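Every chain is named by a letter (A, B, C, D, E and F) in the order it is written, and numbering of its residues begins at 1.
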Amino acid sequence: MAVVVQNVARAAQAVIDRLAQAGVATIHEAQGRTGMLASYMRPIYAGARIAGSAVTISAPPGDNWMIHVAIEQLGRGDILVLAPTSPCDNGYFGDLLATSAMARGCRGLVIDAGVRDIRDLTAMGFPVWSRAVSAQGTMKETLGSVNVPIVCAGAAIEAGDVIVADDDGVCVVRRAEADAVLAAAEQRLAGEEVKRERLAAGELGLDIYAMRDRLAAKGLKYV
Amino acid sequence: MAVVVQNVARAAQAVIDRLAQAGVATIHEAQGRTGMLASYMRPIYAGARIAGSAVTISAPPGDNWMIHVAIEQLGRGDILVLAPTSPCDNGYFGDLLATSAMARGCRGLVIDAGVRDIRDLTAMGFPVWSRAVSAQGTMKETLGSVNVPIVCAGAAIEAGDVIVADDDGVCVVRRAEADAVLAAAEQRLAGEEVKRERLAAGELGLDIYAMRDRLAAKGLKYV
Amino acid sequence: MAVVVQNVARAAQAVIDRLAQAGVATIHEAQGRTGMLASYMRPIYAGARIAGSAVTISAPPGDNWMIHVAIEQLGRGDILVLAPTSPCDNGYFGDLLATSAMARGCRGLVIDAGVRDIRDLTAMGFPVWSRAVSAQGTMKETLGSVNVPIVCAGAAIEAGDVIVADDDGVCVVRRAEADAVLAAAEQRLAGEEVKRERLAAGELGLDIYAMRDRLAAKGLKYV
Amino acid sequence: MAVVVQNVARAAQAVIDRLAQAGVATIHEAQGRTGMLASYMRPIYAGARIAGSAVTISAPPGDNWMIHVAIEQLGRGDILVLAPTSPCDNGYFGDLLATSAMARGCRGLVIDAGVRDIRDLTAMGFPVWSRAVSAQGTMKETLGSVNVPIVCAGAAIEAGDVIVADDDGVCVVRRAEADAVLAAAEQRLAGEEVKRERLAAGELGLDIYAMRDRLAAKGLKYV
Amino acid sequence: MAVVVQNVARAAQAVIDRLAQAGVATIHEAQGRTGMLASYMRPIYAGARIAGSAVTISAPPGDNWMIHVAIEQLGRGDILVLAPTSPCDNGYFGDLLATSAMARGCRGLVIDAGVRDIRDLTAMGFPVWSRAVSAQGTMKETLGSVNVPIVCAGAAIEAGDVIVADDDGVCVVRRAEADAVLAAAEQRLAGEEVKRERLAAGELGLDIYAMRDRLAAKGLKYV
Amino acid sequence: MAVVVQNVARAAQAVIDRLAQAGVATIHEAQGRTGMLASYMRPIYAGARIAGSAVTISAPPGDNWMIHVAIEQLGRGDILVLAPTSPCDNGYFGDLLATSAMARGCRGLVIDAGVRDIRDLTAMGFPVWSRAVSAQGTMKETLGSVNVPIVCAGAAIEAGDVIVADDDGVCVVRRAEADAVLAAAEQRLAGEEVKRERLAAGELGLDIYAMRDRLAAKGLKYV
């Protein structure tokens, strides 16, 4: 049952890059408020904003062997996404693996477990979103799989799906929907710009969005 | 049962501003070690230190409609305080709402739920203390109430109470007690300055606070 | 049962300082993947990297009296390590205690509870690893013990053990093993440097560590 | 600041007893989906269903002294409700205190902390809803208050409020609203009986509640 | 995006019933240690052991409207499986919905949220595995979907997959794999019976499974 | 570093059995409110009350191989105590291992991880106190150690220490202190009986323990 799937299809790089620009919050709205990983996934440092195609890893608790296998499967611009088969906060990944991944063009790591060498990863500019920071080490004894469907932090992810991550967390976009989601996201961004100006000028959302009648109809009372 | 209470009494702005200067840890001590919100309430960026009058929001899980209503009730220098009616980590608040709130003079948000657009809020200098960061969006389908008494992160808060927040967390001061708490806090700060100098010079707390006899009486043994 | 143990043996200062340089992740590996405190122990600010001999404190929930007692037991270069006798997130420690501890040469605090005055501690450069940040205050009513064996964040620690802490968390090294662990850690660091260069040049861990045969033998399939 | 408030007003006993019969889920609905304590409050054994007037206790972490004080304030049919001033899972209450409380007519305990002597309490038929079960003991060193307003498991409770508790959890009813809530609850129960029969006969809620048109209007699609 | 998928394929009822007999722990082993939902999913009463085809529900936080829609989609022997779109512990389901579901032949509920009316559900013999027990009610304002793929308690589940649940938790078996998993499970059970007798007679697993050589080869030392 | 320590000293069986009778809450008080494991350690069924000498197991996350090794080290009346080297909720132990352990005279299991086959273990009368119930299986790939010092659920435990467990949780008594703790516990029990009768008769703890003067001296006010 331990397999490595090769030849994974990916979305167009230009689309992926523009998804990164749109940011997690906008993309998540643009695809109907879906795709968010759990809010316990936090970046190891502030300010990173990336997107890339998922190279997925299903790994046993306390065993990071499959990361070495996955790195060989990386294309330029990809993101490693690891889910343990049961909850584990061990530090699966550190600066040596990051060095190797960066040499292959990897843009970052999303891991529903722990990461370590935070100081080095920050200095290298290799962003990680994780459930935990932990120096507690791992083994290389048991197989897992690469590029199989996984559930990572509550979200179903397949190899080649687009991962977008920034300070707000991590969002997954189905590969086949990347173009449509990008279009919706960019339309949304344009609309927000107009609203931002009106709100900054002191207009109220109650008026811009014409909410007063609907609030009254639902029974809101001012006292 | 969905109401918006208007015309909320507030403490004097000068008192509020000096409470911000005193800081959360001192104020909490000055009012008898009471008033702290739960320690899971964390700032989205380090270094902010604010105080303001609470505009309270009771909101259903996954629904941020009432924030639009609450923004209209903001006075200059106020702080939005939101408690969901059941635990929810959704991102109720982002940069558009912050733009609107800032235009009304709002100093920050305290929310026992999630917040998003962290990068933008940080760039705007709009501080938030929250239970979670999450881009997971919300609806505008169900009413809640504004300026009613709420329980936020374990603390009972009424509209017009003074909220003080900094890197140590969030504290609430009853509106009617703001003057007395400020007096006690400033007296405390003055006393601390003297102690700080003595401690920095190497004197021990055991001697400054005359603890040795009481420790011996309780039975402490040196071996 | 409340005792203060004096005259605690310590490791050599030079060894301790080199352990700090090696860092938590390396030391933990060098001693067979043991010694880590739980991953919920987080630094109050990024970038600190310290080591020192443990002055241990066993304290009741909500009572920080024993910290004053422990400060008198500090030698230059020591680290305070506090475990409450039952889980408690109160802010046991703030800037006044830090002033006193620094005057005695203390390098930092590891506390399986809460800490406060984060802004001041950061400005002073006094690093703390804690389970929580909380301004919620404590009492001085009940005795505890100093320099007795404790369990802190899941790790058994004795007075005089070496504590190493950085952005990856906190690790304990038995005093008697400090020399051997340092030797193993430095050997490990030397080996890592070579691997880092090869990985940066694009060689794969699969080849450097000769993993391909063992993976195949265990049954990994490429599809 | 440590006070014991005496002469607390209570709701009529007959009303309280009928609230117990209605049960937590119904009462909570009858008062607009409000009043629930957090879902981590669990009964120590299944099947208990009680209501009574709250005698409230605000206690320091790890100190149960005030429970002795509160027992003197119990009237027949009352319920003890304890909130620690900061989170604590210590076993504040066991079989001796239960013996004393039962001798005063107390119907049970609601405690946002720990309880112990579970086997004995079960044998005695003294129900407890708690956050934790723990034999970890407490002190009698520090004062708290009795019959002051508290926040217990996220709900604001005043002395004399009616507490209703069963296998579904714990709910608070404001003393002044007890009559109205009871009326609404009993009306609700009557209506439910009719619905239960129709549903048991195989009719669908979609039809009984006439939901199909509203679902279609909101855009639900059958595929 | 709110859809109800009809005409879902199901596994053979006889296979499903034998999967229930095999039990969760055995089935999970038989399919390569996969398929378990998170361990926080607990039964509301001990002793239930069921299997059935999943009717899946994706519901907004705090809104149980879609359960009414899902009940119409139930076939005899099915199991309702609900995942909220963000974490929520509200009591989505109680005795009226259970009455309706039982009238349609439903065998139980698996819900990554809260349930209520525990006493009634237990008396009715309607088993539920849930993340929480809570009387906190829900709305009927917002659409979700029925019989779409969901992630429930960390496991990806599609409509028609077989759900097996007992005191050990909940496991999902892909519909297409049900026959093969059953065969492997029953073979496993047969083998376990033999081992149980040898172990009961005092033979050691070390000998039955011939572990001693492998332990020695890995370096285990007896001292 | 993987070792099995043989020839572990144990306390006298008669002392151990009387410790079981005294119960966890009393023993914990009798040894100065120390020795409790964390309150998340819960029994799989109510009513069990055992004591025995600890056979300790340090196991990697997700690997139960060492349990087979430990069973050979069991003496009649012993208790297995397992701590994973990092947090893990996998089901390390089920009915086959219990059959084997019971054949060796084992009285129960204390495990800071998961257990499975709950229905069978309950039917067999083999009690377990655990952090989780989970059918998620484990490997047999990596060594650990038996009868070495461990930290289990926050308590330091050595092989041969006495473990006492009942519905209130789990407590450890140092082997060398077993006689003294038993004496203190039995004295305590005798004293409690007298108090229980007085409290049942309606006397108040305030009077029995002569608390009124001390409360007044500390400043308690009746209003």
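Criterion: a contact is a pair of C-beta atoms (placed from the backbone, for glycine too) under 8 Å apart; a residue touches a chain by one contact, two chains touch by 3 or more.
Keep in mind that what you see is a predicted model, and the values were worked out from it rather than measured.
Visitor: By that same contact rule, can you tell me which chains touch chain A and chain F alike?
Guide: Both chain A and chain F are touched by C, E, going by the contact rule given at the top.
Visitor: Just going by residue numbers, which of A-F, B-E or D-E has an interface where over half the contact pairs are the same as at D-F?
Guide: The same interface as D-F is formed by D-E.
Visitor: Please report how far chain D has to rotate so that its Cα atoms sit on those of chain E, a copy of the same sequence, as a value between 0 and 180° in steps of 5.
Guide: So the angle, rounded to a multiple of 5, is 120 degrees.
Visitor: More than half overlap in residue numbers between the two sides of the chain E-chain F interface, or less? Answer same or different.
Guide: Under half shared, hence different.
Visitor: Taking the mean of the C-alpha atoms as each chain's centre, how many Å separate chain C from chain F?
Guide: Centres of chain C and chain F (C-alpha means) sit 28 Å apart.
Visitor: Indicate the whole-number Å distance between the mean C-alpha point of chain A and the mean C-alpha point of chain C.
Guide: 31
Visitor: Chain C to chain D: how many Å between their CA centres?
Guide: About 42 Å, centre to centre.
Visitor: What are the residue numbers in chain B that touch two or more other chains?
Guide: 33, 36, 85-87, 89, 134, 136
Visitor: Going by the touch definition at the top, which pairs of chains touch each other?
Guide: Here the touching pairs of chains are A-B, A-C, A-E, A-F, B-C, B-D, B-E, C-D, C-F, D-E, D-F, E-F.
Visitor: Note which residues of chain E are touching chain A in the complex, please.
Guide: 1, 32-34, 36, 38, 85-87, 149, 151, 154-156
Visitor: Looking at the complex, which residues from chain B come into contact with chain E?
Guide: My answer: residues 60-63, 85-90, 134, 136, 139, 141-142.
Visitor: Note which residues of chain D are touching chain F in the complex, please.
Guide: Where chain D meets chain F, its residues are 2-6, 45, 65, 68-69, 71-72, 89, 91, 94-97, 99-100, 102-104, 114, 116-119, 122, 132-137, 140, 143.
Visitor: Can you tell me which positions in chain D touch chain E when the two form their complex?
Guide: 23-25, 28-29, 33, 36, 39, 42, 46-47, 49, 166-169, 171, 192, 195-196, 199-202, 204-206, 209, 211, 215, 218-223
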